[in-house]
Amino acid sequence: MKPGSHLLSIDDFGVKEADRILKVAKSFEQQLKFTKKFNLLDGHILASLFFEPSTRTRLSFESAMLRLGGSVLTVVGQTSSLEKGESFPDMGRVVSSYADIAVMRHPKEFSVHELCKGAKIPVINAGDGANEHPSQSLLDLYTIQKSQGRLENITIGFLGDLKFGRAAHSTVKLLSRYPVNFVFISHPYLKLPESVLKVVKENGRKYEETDTLKDVVDHTDVLYVTRVQKERFLDLSEYEEVKSVFQVNKDTLISAKKSMSIMHPLPRLEEIQKEVDLDPRANYFDQVQNGLYVRMALLAMLLGKADGVSV
Amino acid sequence: MKPGSHLLSIDDFGVKEADRILKVAKSFEQQLKFTKKFNLLDGHILASLFFEPSTRTRLSFESAMLRLGGSVLTVVGQTSSLEKGESFPDMGRVVSSYADIAVMRHPKEFSVHELCKGAKIPVINAGDGANEHPSQSLLDLYTIQKSQGRLENITIGFLGDLKFGRAAHSTVKLLSRYPVNFVFISHPYLKLPESVLKVVKENGRKYEETDTLKDVVDHTDVLYVTRVQKERFLDLSEYEEVKSVFQVNKDTLISAKKSMSIMHPLPRLEEIQKEVDLDPRANYFDQVQNGLYVRMALLAMLLGKADGVSV
Amino acid sequence: MKPGSHLLSIDDFGVKEADRILKVAKSFEQQLKFTKKFNLLDGHILASLFFEPSTRTRLSFESAMLRLGGSVLTVVGQTSSLEKGESFPDMGRVVSSYADIAVMRHPKEFSVHELCKGAKIPVINAGDGANEHPSQSLLDLYTIQKSQGRLENITIGFLGDLKFGRAAHSTVKLLSRYPVNFVFISHPYLKLPESVLKVVKENGRKYEETDTLKDVVDHTDVLYVTRVQKERFLDLSEYEEVKSVFQVNKDTLISAKKSMSIMHPLPRLEEIQKEVDLDPRANYFDQVQNGLYVRMALLAMLLGKADGVSV
């Protein structure tokens, strides 16, 4: 995470660097109680390139840039020179003439890596297909540390679609670097892939796998819920069954710890019932807010402006 | 119109509050002669959420925010998390993490009210289907007061499609709070609905209904023209007839007062002929300009920054 | 190029005014080495109206405005009041209430001229169909002067589709005002139109026409490459042949001057091979960068803020 470098994957930073990111984010969170805008990135321009709808992530990065005093150039949808067949490296080179840093989402895996081949400015991967979305994992990490006060001796449960959910994969891998335990709760069809489980094992972390939330909720400190997508099921009746079994509602919470934190990358549908929103354990909207702080930290650090931030 | 409150309907403010809005808008209008930008909303972010094309209204709000020194996050079209089935309250909650105030247009009635259920920031309704668009009515009020010098003892004519035109309904209701007279000029198919007429009557305002502009134009102080949409007619030949009868042109103006003000919410097609544009009574482009001042007032007031504005 | 005027065509400025634009652009280029942002256009708003995809040009203008301290309102795509049948002059008038200067691209020829009929603010044509795109020609001029150190006694080659390429037409016409020589290299199907050649002749400039790049590359100072579009050919095999004959690659450059500058309006496909990118003669990405400086100059000059720029 040196100034000028790219952030393409959670492998672009280690535990020490993640610690620094979290500290800078925390500092911004605290200072935003007293001010709405910093002058840290005054004069700097973010190119916000979203070739796939993702309003939440886009607005999060753009708001982060504005709060730091910078400006934003937005490209949304397919209305780009790419239509005319321009290569990703050429596009990266061109955007470097207009902006000081770029964030990109694209449905094609490794497209952001391709862009970086031509880019002369730092680039953040905001999701390249099924591959990575590292700022999501970092905000998850920040939220867990904030709600539990630590990143050790806690049990983190992942619930829902653990097979296809990109967010869960990256976050599990990132958390495996810390002395935490895992519980993976899913329908047998939607189990965590072996490739991700391998990382958990290699890091020597303990884990359970189950298809019954009820059996594990009492010793879970963080419950990370993900959406089960209808499209994954050939048999719709099976989807309806899975949907209700892996739903978080008031009943689910009866045996849960008072300090448990419920997370969700959003948007959420029925997998967390609205009745849970007012429960103090509901932490998914705070997670959104934390995304702002973490992205502010990333923008400031990659632009080499975070050195003066007191942490 | 207390700081932090929403503006969803003309029922969210009374005569006294409208007076305050108009005064703040007037103050901005005068000050904009000497400066292009205020620092009043420096550091504040407007989320501009337009889920239906409405470039004019969007740019008006965004320009108002920029003139006040704030920044803008834009969401246009259907490219949003709503596609993934997110609820309006969740969306309101999420946007509250990224912005300090929001303005929203959506084709669904009461969708903005739904958004407010989750929002932690003030929200302005910029049009929810056939329901309301209160800032349009306020800029109409401002324009009438500015052109006539008062909001009493004047006769205001509404011409065109009074049945389906949302703008006309709200503005008639709002004007009914003032001691003014009305003339409603329309094809019998396109008369003002009884529900709106009821408000006029309850407030004790005098009104005429006619299908002949010529008969009433001489005693009309304000002529508010609205577009007659082709889609409203089953019989296209009837549309062509109505279109020409309710058209404002040079001939129309021969018997009109010198002080009359011609208004139109725009975009206008043939219902006001271009030959009228150079007539000093043509006021529809000034109306656009007034929209900027009124929206500046709304943004500043809802964000609690208008107290220091000298009026 | 007086403050407040429009820039619709290269005919809106003469040699002396072009010289001034290039000098202001040069001044901005030099100053941008020391700062990321000027306060020259603080408080000013650019309306960026792109009714046709052209991300590169749009971002270039928007970045120019931001670097000068101004703000931007963006309209992209067909999501505009134009859908409702609004005329271009009305749109120009309306936009004048929201912004201080506008830039517009539209697929319809002379649409920007129409907009200007109603506009009360300066308007820059960023491409109206097959007609003009004057800022592109100016940045080409700037790039040639910068790479060759002069705009006289040089030979400028145009390669590729000289028949349909709008960029080439305007730039050839503009360059004809200077004492330069031309080489036009194209397939017989894609020769420069007689109307453009007429301007070259009227200005008394020497020119060659050929279909063989190899024969002329050794005495060419600037090689301006344009894309040959597949759609122009009925016979795809012919396209494939033309494509390879007019391709610039390492072999092409063997007999070229060391000081030659290779330009391209981008996006480029295969007409310049990637292997050329690292050659010091590759100048097309510098051309993009120069576009920023030239557009900064245009914005500042049309808004009457360039008088104090030391050149």
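Just a few scattered comments:
Think of it as A, B and C in the order they're written, each chain with its own count starting at 1.
As a convention for this text, a contact is a pair of C-beta atoms (placed from the backbone, for glycine too) under 8 Å apart; a residue touches a chain by one contact, two chains touch by 3 or more.
Given the structure is predicted, the values throughout are model-derived calculations rather than measurements.
With angles rounded to a multiple of 5, the C-alpha fit of chain B against chain C returns 120 degrees of rotation. Chain A and chain C touch with mostly distinct residues; of the residue numbers seen at this interface, under half occur in both copies.
Averaged C-alpha coordinates put the centre of chain A at 41 Å from the centre of chain C. The set of chain B residues that touch two or more partner chains comprises 74, 76.
Of all residues in chain A, only 35-37, 53-56, 59-60, 62-63, 66-67, 74, 76-77, 266-269, 285, 288-289, 291-292 touch chain B in the complex they form. Those residues of chain A that touch chain C in the shared complex are 42-45, 47, 71, 73-76, 79-81, 83-86, 90, 93-95, 97-100.
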